[in-house]
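To start, I am sharing the structure in question, which I have written as structure tokens.
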Amino acid sequence: MPHRHGQGHRMGSKYPPSMRGCLPLWILMLQVALIVIFFFFTSFDTSSQDPKKLMGNFRVLQDVTIMAALGFGFLNSSLRRYGWSSVAFNLFLLALGVQWAVLMDGFLEWSFRKKVVIKLSSIKLATMSAMSVLISAGAVLGKANLLQLTAMALVEVTVFVTMRMIDRQYLSMDNHVSMMHIHVFATYFGLMVAWFLSRSLNERVTEEKNQTTKSSSLFTMLGTLFLWIFWPSFNSALLDIPRERRNAVFNTYYAVASSAVTAISMSALARPQGKINMTHIHNAVLAGGVAVGPSCHLITSPWLAMLLGFMAGLISIGGALCLPEYFNRVLGIHDTCGMHYSFGLPGLLGGIAYILLIIYEVTWTKQSMISYQLFTGTGTLSLAVASGLIAGVLTGLVLNLTICKGPHAAKYFDDQAFWEFPHLAIGF
Amino acid sequence: MPHRHGQGHRMGSKYPPSMRGCLPLWILMLQVALIVIFFFFTSFDTSSQDPKKLMGNFRVLQDVTIMAALGFGFLNSSLRRYGWSSVAFNLFLLALGVQWAVLMDGFLEWSFRKKVVIKLSSIKLATMSAMSVLISAGAVLGKANLLQLTAMALVEVTVFVTMRMIDRQYLSMDNHVSMMHIHVFATYFGLMVAWFLSRSLNERVTEEKNQTTKSSSLFTMLGTLFLWIFWPSFNSALLDIPRERRNAVFNTYYAVASSAVTAISMSALARPQGKINMTHIHNAVLAGGVAVGPSCHLITSPWLAMLLGFMAGLISIGGALCLPEYFNRVLGIHDTCGMHYSFGLPGLLGGIAYILLIIYEVTWTKQSMISYQLFTGTGTLSLAVASGLIAGVLTGLVLNLTICKGPHAAKYFDDQAFWEFPHLAIGF
Amino acid sequence: MPHRHGQGHRMGSKYPPSMRGCLPLWILMLQVALIVIFFFFTSFDTSSQDPKKLMGNFRVLQDVTIMAALGFGFLNSSLRRYGWSSVAFNLFLLALGVQWAVLMDGFLEWSFRKKVVIKLSSIKLATMSAMSVLISAGAVLGKANLLQLTAMALVEVTVFVTMRMIDRQYLSMDNHVSMMHIHVFATYFGLMVAWFLSRSLNERVTEEKNQTTKSSSLFTMLGTLFLWIFWPSFNSALLDIPRERRNAVFNTYYAVASSAVTAISMSALARPQGKINMTHIHNAVLAGGVAVGPSCHLITSPWLAMLLGFMAGLISIGGALCLPEYFNRVLGIHDTCGMHYSFGLPGLLGGIAYILLIIYEVTWTKQSMISYQLFTGTGTLSLAVASGLIAGVLTGLVLNLTICKGPHAAKYFDDQAFWEFPHLAIGF
């Protein structure tokens, strides 16, 4: 394979080497700019706080970071020739996205005070906002270079934080529910960006390079398991009332358990030979956690969470079977890691389940605010979908400009375009 | 290898494809049945609880889930061609076992109330009970299909929960000690089931397929390390008194440290060339945690825990060297991942150590209850062994019935029987 | 490859097989000796303690253990033929080092009481001390056998614990700062030992065997991510005042985020083709955490931590590019996993940053103790470097004695010298 290695050197980009070498400089300057902005506009929280609450917050932050760095990092690592980029770019996007999200959150919330005060809870919030980039990256991965991903991260975090601010201020939606629409927002954002980047995609090359390997599939499973285990932490991270928090943990736990069983048996059921598809499993076992997200603090009996997990498992496997044929191929979208069926569809199910649950609760308690509740519920969900789609289209347009031109389509899904390899790259 | 792939299609099972496709339907219906049972018989705990205790319980639950999903998942992934099944079936059994164990625990304990109340602590207990299935699966893995494993999980959890109920009610044994006999129970249950399933095993095929690979061995090491790190959490999970809990953490930590050093040096010592056997190491470094389990809350000085870890390491490596030749081959049992020497023998050592420690303590404090204590101690241990053996034999008989016939022996230990592979399965 | 396997049997060591088989016996006897010492000289802490503080300590201990066992274990696993040894020897050194460090800490601190009292916090401290061995092992790995590593561990832990005692008693330096010099101490200790062991190294063989593989590089990334995630826990583990602890968490979080972005873009910038070097990334993303260590509790605004992370990223990547050519080759040191640029240089930067910060703070608050503060600050850092260098040279001399002669240089970096492989070692 020294031959392909040589190609990598020659064909990795359309730029002359001198120009290409300058691109990372922009990222380095961005980091310097961030340091300068932090110097002028931020300070740490100096109020004395309950040390136990502090440690509690720290634990949740740690769980969320594990999900972001390990979970999403390895979830997308199953591409045969793209494992390095998946994991390392994921870490890069997380580290950049957190810094940016803290600033954005601060500027939108405390705009009149002199400095943005950074607390542990704002880092936690920022990490969760940065996860939207990691989800979108799952659809874009392999088709964009580092500079394009950086631009995408900055735009997406800004839009997502603004969207949540609108939810909070104009739709009086609480923090938790608007955060739980991250899956829907990020999926449709990522799909739109992927749409623009997959124009020149050659199907044969893609298929060949998209193959998974035995060992990389176990790495993906590792990512899946981290997400599976820590999903109850994610769904309960923004809830402060102990009762709601406990409900969120309970329900998420039951939903992911139920969707794991459902996904594995459904995947076997869908094929005449009864064989299970590993790629579907990676994502579908998590569908329950996604679907139960927005309503996890309201559900008061396990069967409802299990039912949501069951339906999410069915929908996710169904989507995995139908979407590539009837949606992606028709529209010409290449969804690298199947984000549409793993986060998009279960997220929509979760949004609808939340609205139904609110209606049921309002009807049952005979309150007359039903129309307003219905309005805010549907408004939040539609806003998430709409802002995802629109911002995704705009970002996709920008990324296609010549200024930040991505790798040639023939080099898509190939670590060789981005990474130095040892001289003999055989045997991996 | 397209040839073998084709074989997989033809020989994966003795059923005609139409029939085979129906099997997963049973599992899907089981999940629906579980949702219905939860609908009628369970409700969440709505009592207001100390939020700090809640979070403490949640952390322990998380640790135990990490051990179950990541630890046991990857511990058994070293088979050359069976990595996917090990990890994914482990997740499946965990997700199913937890749901079932919560129900069983509830029905046996709160049978007269109207609904089973689910608390965080009952999910923790259920996860630990479900671990018995994961341990047994280590002996059975590669010789059973998903339906057989499902049946095994349901039977094993039921028997284990019942056994612990008997321990508690008739032998007045505390929750912690009876849970710590999980290793002995699950090992002998698994060995008996494996005995029935390894009847038609062709030794040459097994040996060829059982080979480990360099990279999968690192995955196994990952599982081992997760178990090694979180074992103190497991051993202290059911202890409520802070002093006992602290002792359990201390002693387990020292026992696993001591058994890690012992196992690695013993493995090198056992061979004339001084080479270490990786497969033995995977399991033997954990033997200390198993052996110190039942008595970890009683031991008050580190040397005793270290001694137990030392002895467990010796016994485990000794078992790894002798058992395959003098026990498994003679009886015709194929113990896939060496559960007998990694969990069975150290578990027996732990049970005996507990009895000796009780006797010593009773003698030293000049209490006259020695005979009763001796009776309950030996009773619990014997009950664990006996119920494991008997339930294992019965389960093995049932699994051999034609209704849930497993894969043909030639397809044992082969992912190809269960998983869809990309068209060209070369290069992994 | 059966041929090489045969070679392994013949050439694995210079000893006749009978002699070679005796070496592990020494380690086994060391473990027995440790048990005896613990029997005579230690007891558990029996004071009643706040259970919440206990659990807090336990969580921190767990985080530190995850870093030591999983983080360092997999960080060094990228060598093509040395993955097994890296992970397993790391666990061995940790398990041995912790037991030894608890004893050393105890003997130096509570020397006049009758027994050393072991608390959870002393196990936490011991685990952190044992990490010095794991860092040094990164430079030595592949060039020493298990007995040499054992001897190194015992000496290094003893010297490191003594050094910290001197820091505490004669330089009145607090526990946290002297622990944070672990990186500098351990790196120069390891480099000196590696210097003595790399005398007979054949460069061609080394290069060939040092190659990384695609899959093992992902394992290394796993180790890196674990360290990256839990570094805030490490830097705040010894701080008791909640405000300092919070600052440490904040600053470390920002420093590692900033160094991750910097390292990835710098690595791309350094090459004309703009390609990133994976090996550099593994270590450089952590440089921020190392550099911010000694001063992380004093910094009160995020930009300073980010700046330190930025500079650490630059220095680490710069070191990775220059050191192998201009330092290692000139002096004849073979630094297996690049510990010099990943822990040594950022550690020096951190030590200098701490001194500057103290000077700035003292000047600003108009205190007149500036000369004393300057003295203790520089004294601690110089002591760490000096004791690392001197102890490393002495250890290197001892390890080169015939009594514990290592593997033949031709067998360096080869798992085959230490591990039993299946009969056909092809295909991994």
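When the chains are written out, they are named A, B and C in that same order, and each has its own residue count from 1.
Keep in mind that, in the parts below, contacts are C-beta pairs under 8 Å (C-beta built on N, C-alpha and C of every residue); 3 or more make two chains touch, one makes a residue touch a chain.
The chain lineup, named per UniProt: A, B, C = RH-like protein isoform X1.
It should be emphasised that the depicted structure is a prediction, and the values quoted were computed from it without experimental measurement.
S.K.: Compare the two sides of the subunit A and subunit B interface and say whether they are made mostly of the same residue numbers, over half shared, or of different ones.
M.R.: Interface between subunit A and subunit B is built from largely different residues.
S.K.: Can you report the angle of the rotation that maps subunit B onto subunit C, using C-alpha atoms only, to the nearest 5 degrees?
M.R.: Fitting subunit B to subunit C on C-alpha atoms yields 120 degrees.
S.K.: Can you compute the centre-to-centre distance for subunit A and subunit B, using the mean CA position of each chain? Integer Å is fine.
M.R.: Subunit A and subunit B have C-alpha centres separated by 34 Å.
S.K.: Can you tell me which residues of subunit B touch two or more of the remaining chains?
M.R.: Answer for subunit B, listing residues that touch two or more other chains: 52, 59, 215, 222.
S.K.: Of all residues in subunit A, which touch subunit C in the complex?
M.R.: 9, 12-13, 17-18, 20-21, 23-25, 27-28, 30-32, 34-36, 38-39, 42-46, 48-49, 51-52, 54-55, 58-59, 62, 65-66, 69-70, 73-74, 77, 83-84, 87-88, 91-92, 94-96, 98-99, 118, 120, 123, 146, 215-216, 219, 222, 415, 418-420, 422, 424, 427-428
S.K.: Looking at the complex, which residues from subunit C come into contact with subunit A?
M.R.: Contact set of subunit C toward subunit A: 52, 56, 59, 63, 211-215, 217-218, 221-222, 225-226, 228-230, 232-233, 242-243, 245-247, 249-250, 253-254, 256-258, 260-262, 264-266, 268-269, 271-278, 281, 285, 300-303, 306-307, 310.
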